[in-house]
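Chain IDs A, B, C, D, E and F follow the sequence of writing; residue 1 opens each chain.
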Amino acid sequence: MTNDNPHIASAFDRDLEAVQALIMKMGGLVETALLDAAEALVTRDEEMAIRVRNGDNAVDALEEQVNAECARLIALRAPNATDLRTVLTVMKIASSLERCGDYAKNLGKRAMVLTQMAPIGATAGSVRRMAKAVQLLLKDALDAYIARDVALAADVRLRDREVDQMYNALFREFLTHMLEDPRNITACMHLHFIAKNIERVGDHATGIAEQVIYLVTGKHPEDARPKADVTSGPAE
Amino acid sequence: MSVLLLLAVMAAIGAAGYIFCRGRVMAQVGGNPRELHSLPGYYGWNGAIMATLPALAVMVVWLIAQPLILESRVVSHLPEATAAEPAARKLAMADIRRVASGLDLAVAGGAIPAQDVATISPGEVRARLGTVGVALGSDVTPETLAAAITWRDQARSGLIGRSVVVILVALAGLAYALMATKPDFRARNRVEKVVLGGLIAASTVAILTTVGIVASMLSESFEFFGMYPWTEFFFGVTWSPNFSGGSTFGFLPLLWGTLYITLVAMLVAVPLGLFAAIYLAEYASPRARSVIKPLIEVIAGIPTVVFGIFALITVGPFLRDWLAQPLGLGNSGSSVMTAGIVIGILNIPYISSLSDDIINAVPQSLRDGSFGLGATKSETVRQVVLPAALPGIVGAGLMATSRAIGETMIVVMGAGAAAKLSLNPFEAMTTMTVKIVGQLTGDTDFGSPETLVAFALGMTLFVITLCLNILALYVVRKYREQYE
Amino acid sequence: MTDISANGAAPQVRSSILVQDVKMRRRNAAETRFKSYGLIAIAISLAILALMLFTIFRDGISSFRQAQLTFPVELSAGILDPNGARNPADLAKVTTVGYGRVLDVALLKALADKGIALDDPKQATALISKAAPAQLRNIVLANPAQIGRTIEVEVLALGRVDGYFKGRVTRETAERDPQIKPVQLDLIDKMRGAGLVALHFNWNFIFGTDASEQRPEAAGLGIALIGSAYMMLLVVVLSLPIGVAASIYLEEFAPKNRWTDLIEVNISNLAEVPSIVFGILGLAIFINFAQFPMSSSLVGALVLTLMTLPTIIIATRASLRAVPPSIRDAALGVGASKMQTVFHHVLPLAMPGILTGTILGLATALGETAPLLLIGMVAFVTNYSATPLDPATALPVQVYSWASRADPAFIERSNGAIIVLLAFLVVMNVVAILLRRRFETRW
Amino acid sequence: MNDMRIVERTVDTHDVKIDAKDVNVHYGTSHALKGVSVAIPDKTVTAFIGPSGCGKSTFLRCLNRMNDTIASCRVDGLIALDGEDIYDRRVDPVQLRAKVGMVFQKPNPFPKSIYDNVSYGPKIHGLTRNKAELDEIVESCLKKAALWNEVKDRLHSPGTGLSGGQQQRLCIARAIATSPEVLLMDEPCSALDPIATAQVEELIDELRSSFSVVIVTHSMQQAARVSQRTAFFHLGNLVEYGETGQIFTSPQDPRTESYISGRIG
Amino acid sequence: MTNDNPHIASAFDRDLEAVQALIMKMGGLVETALLDAAEALVTRDEEMAIRVRNGDNAVDALEEQVNAECARLIALRAPNATDLRTVLTVMKIASSLERCGDYAKNLGKRAMVLTQMAPIGATAGSVRRMAKAVQLLLKDALDAYIARDVALAADVRLRDREVDQMYNALFREFLTHMLEDPRNITACMHLHFIAKNIERVGDHATGIAEQVIYLVTGKHPEDARPKADVTSGPAE
Amino acid sequence: MNDMRIVERTVDTHDVKIDAKDVNVHYGTSHALKGVSVAIPDKTVTAFIGPSGCGKSTFLRCLNRMNDTIASCRVDGLIALDGEDIYDRRVDPVQLRAKVGMVFQKPNPFPKSIYDNVSYGPKIHGLTRNKAELDEIVESCLKKAALWNEVKDRLHSPGTGLSGGQQQRLCIARAIATSPEVLLMDEPCSALDPIATAQVEELIDELRSSFSVVIVTHSMQQAARVSQRTAFFHLGNLVEYGETGQIFTSPQDPRTESYISGRIG
């Protein structure tokens, strides 16, 4: 984070940095889990899928720690203005990342199930591509956060559209597979949920980007979030 | 109307002013004080002040001016020679006044019928006045009598005029105040301005005193230096006034005696006073302090003449019998030592009480700071408290010094009257103050250098103590800024 | 522990606090020494005070008792009222010489009655004070009806008799004394045995007038007391209001400029100007210039007022300054004017301090001698002064003038006068302290 | 981000009570306040914050002309109370101060009884005709100051015998007894412990229903707690003035931000 | 909320109550939206579905307001201990409710789509039952919050199990319909997501219940949350 | 909820520096401290908080026997510094105070030069052999007190001429010049403005690497900011003593909770 205007109480700065370091750590864990889950799906590696599922505990613990640290920071330092926004943003981001961790874990679980079933076409590769795109989105959102980079954050918001389009494509692909062969239905259901989860991670990344914009400018982005997920109903 | 009666009348008009003005303004607002600018009482006071103050001023002016005017009028009755020569004129005027007031008394006592006053003969006057107990020294000259009669006449008409004018002014003031009395009249501001004037007048008394001191000594000092060369006065080493003339007034022996006695006094007072103060302020329990401090202060409350007697009948003989004679240093009961020690004792409470207060004024937080660092009490006192209090203590010391220099009675009774330049502290010496008393209470002509030298001495003394005091003041003021 | 600087906070050796090192013991010894200096100083001061008071009381207390002769006197009408008309005017014409004769005769008769033989009647009659006839005269004039009767009177004995009673006069000194002879001392012994002479409480000493150098036994303090009382009264009435008013102006209203600085310096200086200078001032201004009567208590009071003013002003200003500024702010904040603030809040709070200053100032004024000498208050005054314009004297001046008289009997009286002076001081202080307590105990 | 949407918390657009325009204050040659313009609304608590020596007290004391007592102090610009210039020649500052009351840093009750403390103002301003009216004023003021229940049985015991917090409330009661329209407070809680402080703050919050309150404080927390509007002063300038919630959550000026977030200002 | 130990600064209590009132308002909106969406599904009422979809804006606005209020509370009152937990809990609950609002909105959207399709057996009724159960869960969680009722909160946590079981039953039912008739697949996909969303609302209710326990006891509930959703993978 | 997991903030289990067991203090007949037992660790900042009059200062002053100067004060119980009873008969309080330094509420520099202020302690305790050593101590202490850069050019100008915050730091420098092991501070910032306060707090945070610091404060925020451990006193009792984060986020005792959250305690 930028530290060209430090607090007189340097311990405050240290605390703020420490808690932001935790966020980065969480982000790293979640990104890895996401990629690993997709990888497990492609390589049908049950071991890896189990690792991903169990890895979520660490993320949950980190979120709890971030919350505790933030509560502590608020109690001890009574932050206001930017500092307060920083702390509140940290909590929001942590909770987003925790959710992302949950999705990754869910991916892992479903990957474990899918390894027992027959593979369905090249879908796994598409899923991995989408996971990769979302992971990049998450990474950029967190980078934008650390650098307080509004431009990057705005970029993340735009790129979520692409993820949504990837999801739409996948959704149609799975539907096709299900219609083609009813035996695929169970596996495709899992793939459906997997794709949805990845799409949700993308949404969370966008949320983080919006937090960054709020943190820096003190305002929430005005224009409605560009949404391209058309699977849940008629496009508005 | 006599002055007292006139004052009473003015007071009555003033009281009326208070009542009327207050009543008037209350009536104007229907008894609701909220609508007034000031409290009702202020309107009353304004009335009282307006009624009395200008009238009082007129009266005072009249009282001062009337004799002057009368004097200039009656002077025409006096012979040219008398009128021209101030001293003679002064004497003549005194005579005139005495005769005039004697005539008043005689008329009042019935010794002279009122209508006969104008025609009474100079020879008669003395006898007639004698019967009412007014003794006239010399015979009354016709001029004096005529002047006295004129004086008396004019004084009487002046008296009537005074009463009339003063009462008129008072009534006018009252009327003016009544007219000015309106609810939005700023009565409080007016009254407060008058009170402030009174306060300012009171504070100029100090200045007037100094002016008076200087004025009363300056002209006589110059007169003295006109008769006696100042170089011989300031640098002469012999002091031998001779009331039959041909005196030498060498000032140095007096200065030496003064300084010597002061030195001894300070050698006694400073260590004793300072250590006592330190003990009281830092070590004594509050109870012990509350007993000991007033006891020491009793010393300051004892009149100096008592110390004089103590010096005269206790210390002097003691020093003579136990120190001076055994050591072969003289056999005088009065000595520098005697006076110095006694003055020193007298000054102990000044030093101890002032220093005690100053030491106490050193904030406790400084002591706590020092104790908190692990200093002992004496280290704290010596290294923190005393340096912080030092300027104040020096100021106290200087004040005590100037007291010692100006001390009179102890020296008169304890040090003797011999002006000497000697180093032997057991010899009698004397100081300026003693000589001032001596020269001024001697039976000499007021105009002779033997008397006038006292004024020169007084002036010198005043200048010396003035310098010391200004020094003390400077030191003390500087110290005040220390912790703020 | 000198290597502390290398790593300030961490001394290499952690010393125990349970053992005192050498340095500490040395510091504690210095502490004890320092403390004892203070104790010694206080002891000396108090010892001197005690010594002074002791000598004064030892030498002065006896002056309150005086040797008095007590014997029956026949107030012979022939001498005292030749006309027999008991006309006060006539009675007043009889001189003390006449009364003296009456006393002489009566004493000799009394001696004869007691069977005391005399070589020379003069030896006995000389023992009667020269002031005694006047005493008798006063008794008679106070009650002319007594003329012709024989009454028991108590009159002053000669000063030397008193001295003999108090040990001042001995047979050796009497040898050299023109006023008394050793034989007379024997006579006194006999008379004392017969109850003709004894020490009695001496009201005359406190309330009587002064007497000439020859009659120390008759000298009294009455005029000095009246003079001092007048002066104190006038000093309070003048200096307290003026002093307080001046202080209020300087402390609360005066702008801080050169003029008020000048006043400040002036006041501090006046407080320390030698009193003798004030005497010169009084002499020049009040007597020579304003023509006030010489030796009057009015002039004395004016001089003393000028002397005490600075003391009162300084004390008053100090106590005004000690009133916390927050009180002034508070009053101004509710819309009181400056004048109201001062008179409603500041002055009442400063009152104890003002009274303390007044006590101090008055005590100094009461004991002041030198300036009074210059304005002639040392003059020998025989009439009680009725107004402050009449000539008077003051207690300390009386002390001084008695102390400078030759007769040793006056030393005793001088000490006695000091006791009265101190008593006067104590009374004044008690009054002021009670007053101050009233102000202090309000809260 | 609009913090003020909940109806109960909205600051109604009150009338302007005190309107200061381009106020400059000099102490001798030093320029202590530089062109300060503030419109203080009625029935609100306005807080002045800022580092030491920035001129908060100076400005506060301009508002009731307590600065008149400082000889070297010169005030320029216009300060209007209800539209009337308080520095007009015709204004008697003594009367002004009865309308613009003041409470000080250290509780400073007069060393008199509680009753006398409160009744002093009404007495010198002749607000009452008789004792009964005075009693009534005293009671109502003590009630307004939330002190009545604590002292009603000892109205005639000394005000100095109360605890610090009670003393400060007594001073507030004394100030409102002259029925002022504005109450100025210069660091009124800095001499109090936290509990007394909280009580006085609570009282201030209640007072704003009847008075316009202006409070100077060093404690940003306090400003945040009690005030509806906050002015931030810095080196004699008014840097920012606005709604308190906004100042503390998203200040506009970087200097305000630095100061309230504990960076070197 | 319990107010038997009020703050000296009564405005603080008022502020806390105001922000909690917002939460209750949010809760009410979300519950209604949930029931309405289910109702629209059963009655095939497109109007109602549209209303539900549009109603979410209010919930979003309320969440933003709660966040702003909480930020304000923290900035102005520097709360600590219970007060701080209250504020942080409020923010968490608001964010949960906002998510629930999103799910309800999504339900509404999908209901709009489903009204255009043929109805699938009695599934709509089952969905409404589940929605009703979840709404009750949410209501009880919020009641537990207002009353600071730990027992009720624990009860909510237990009852989430039942919701999970209902979800499992629905999941299997939809799967059967899809296998039976591939024409049902698209509609069933929507129903799948609807059921999943309702189940998620149940999870959020449980989360709120856990916040209540944390708020009152200062500790997070120790035992792992009883989870009975077996559809995403092997039961642990 | 373990707040202390981040490595940088963990309080290591330090040695106990001061161990107070069942301390009771009476002022005459009034019982000011009731059975207080506290173990103060080395190299930590310990804060004492509590309402006015609860005995914080009293307890603090027991720790270096500054209470000895109050005649009516009686201390029972055991207070050990590094295991040695400081109320032992053989202990000279003067020596003790050199080891347990104290900093006071109001900055109280001696009216001497900055240099003399700092060198006073080393001089009276004879800690140096020569001027060079003394210079070195003065410099290092001023550096530790974060004051060196501000005053190095005017070491011989009076300490009273510094600003309030600088004065307080000078007092801290003066206290550490006798190389104490414990530093007691009784409300060291209550006379300072917020910026000076922050600077002194920052300094305290640095000092704990070398000293055991005990600080009394009325400001809970301050206790929260500077201390690692906090003790809450109430009516002469020690109510709660523990890790600061825990005290301020989840206190165990309802009285602590009431006090820190601004309810009536």
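Quick note on the criterion: contacts are C-beta pairs under 8 Å (C-beta built on N, C-alpha and C of every residue); 3 or more make two chains touch, one makes a residue touch a chain.
Predicted model only: the values in this text are computed from it and were never measured.
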item	value
Chain hops separating subunit F from subunit B, counting only touching neighbours	1
Interface residue overlap between copies subunit D and subunit F, same or different (over half shared)	same
Chain pair with the most C-beta contacts	B-C
For subunit A paired with subunit B, centre-to-centre distance based on mean C-alpha positions, whole Å	97
Geometric centre distance via CA averages, subunit C-subunit B, whole Å	20
Distance from the mean Cα position of subunit E to that of subunit D, given in whole angstrom	48
Distance from the mean Cα position of subunit D to that of subunit A, given in whole angstrom	52
Multi-chain contact residues (two or more partners), subunit A	7-9, 12, 64, 71, 75, 78-81, 84-85, 220
Subunit B, residues touching no fewer than two other chains	188-189, 376, 379
Sequence positions of subunit F contacting 2 or more other chains	1, 94-96, 99, 124-125, 195, 198, 220-221, 224, 248-249, 262, 264
All touching chain pairs, where touch follows the definition stated at the start	A-D, A-E, A-F, B-C, B-D, B-F, C-D, C-F, D-E, D-F, E-F
Subunit F-touching residues of subunit A, taken from the complex the two chains share	7-12, 14-15, 18, 22, 64-65, 68-69, 71-72, 75-78
Subunit E-touching residues of subunit F, taken from the complex the two chains share	1, 220-221, 224, 248-251, 257-258, 260-264
Subunit D partner contacts - residues on subunit F that touch it in the complex	51-52, 164, 193-196, 198, 218-221, 262, 264-265
List of subunit C residues in touch with subunit D within their complex	255-256, 324, 326-327, 329-338, 340, 344-345, 349, 442-443
Footprint of subunit B on subunit D - complex, ascending	92, 94-95, 124-129
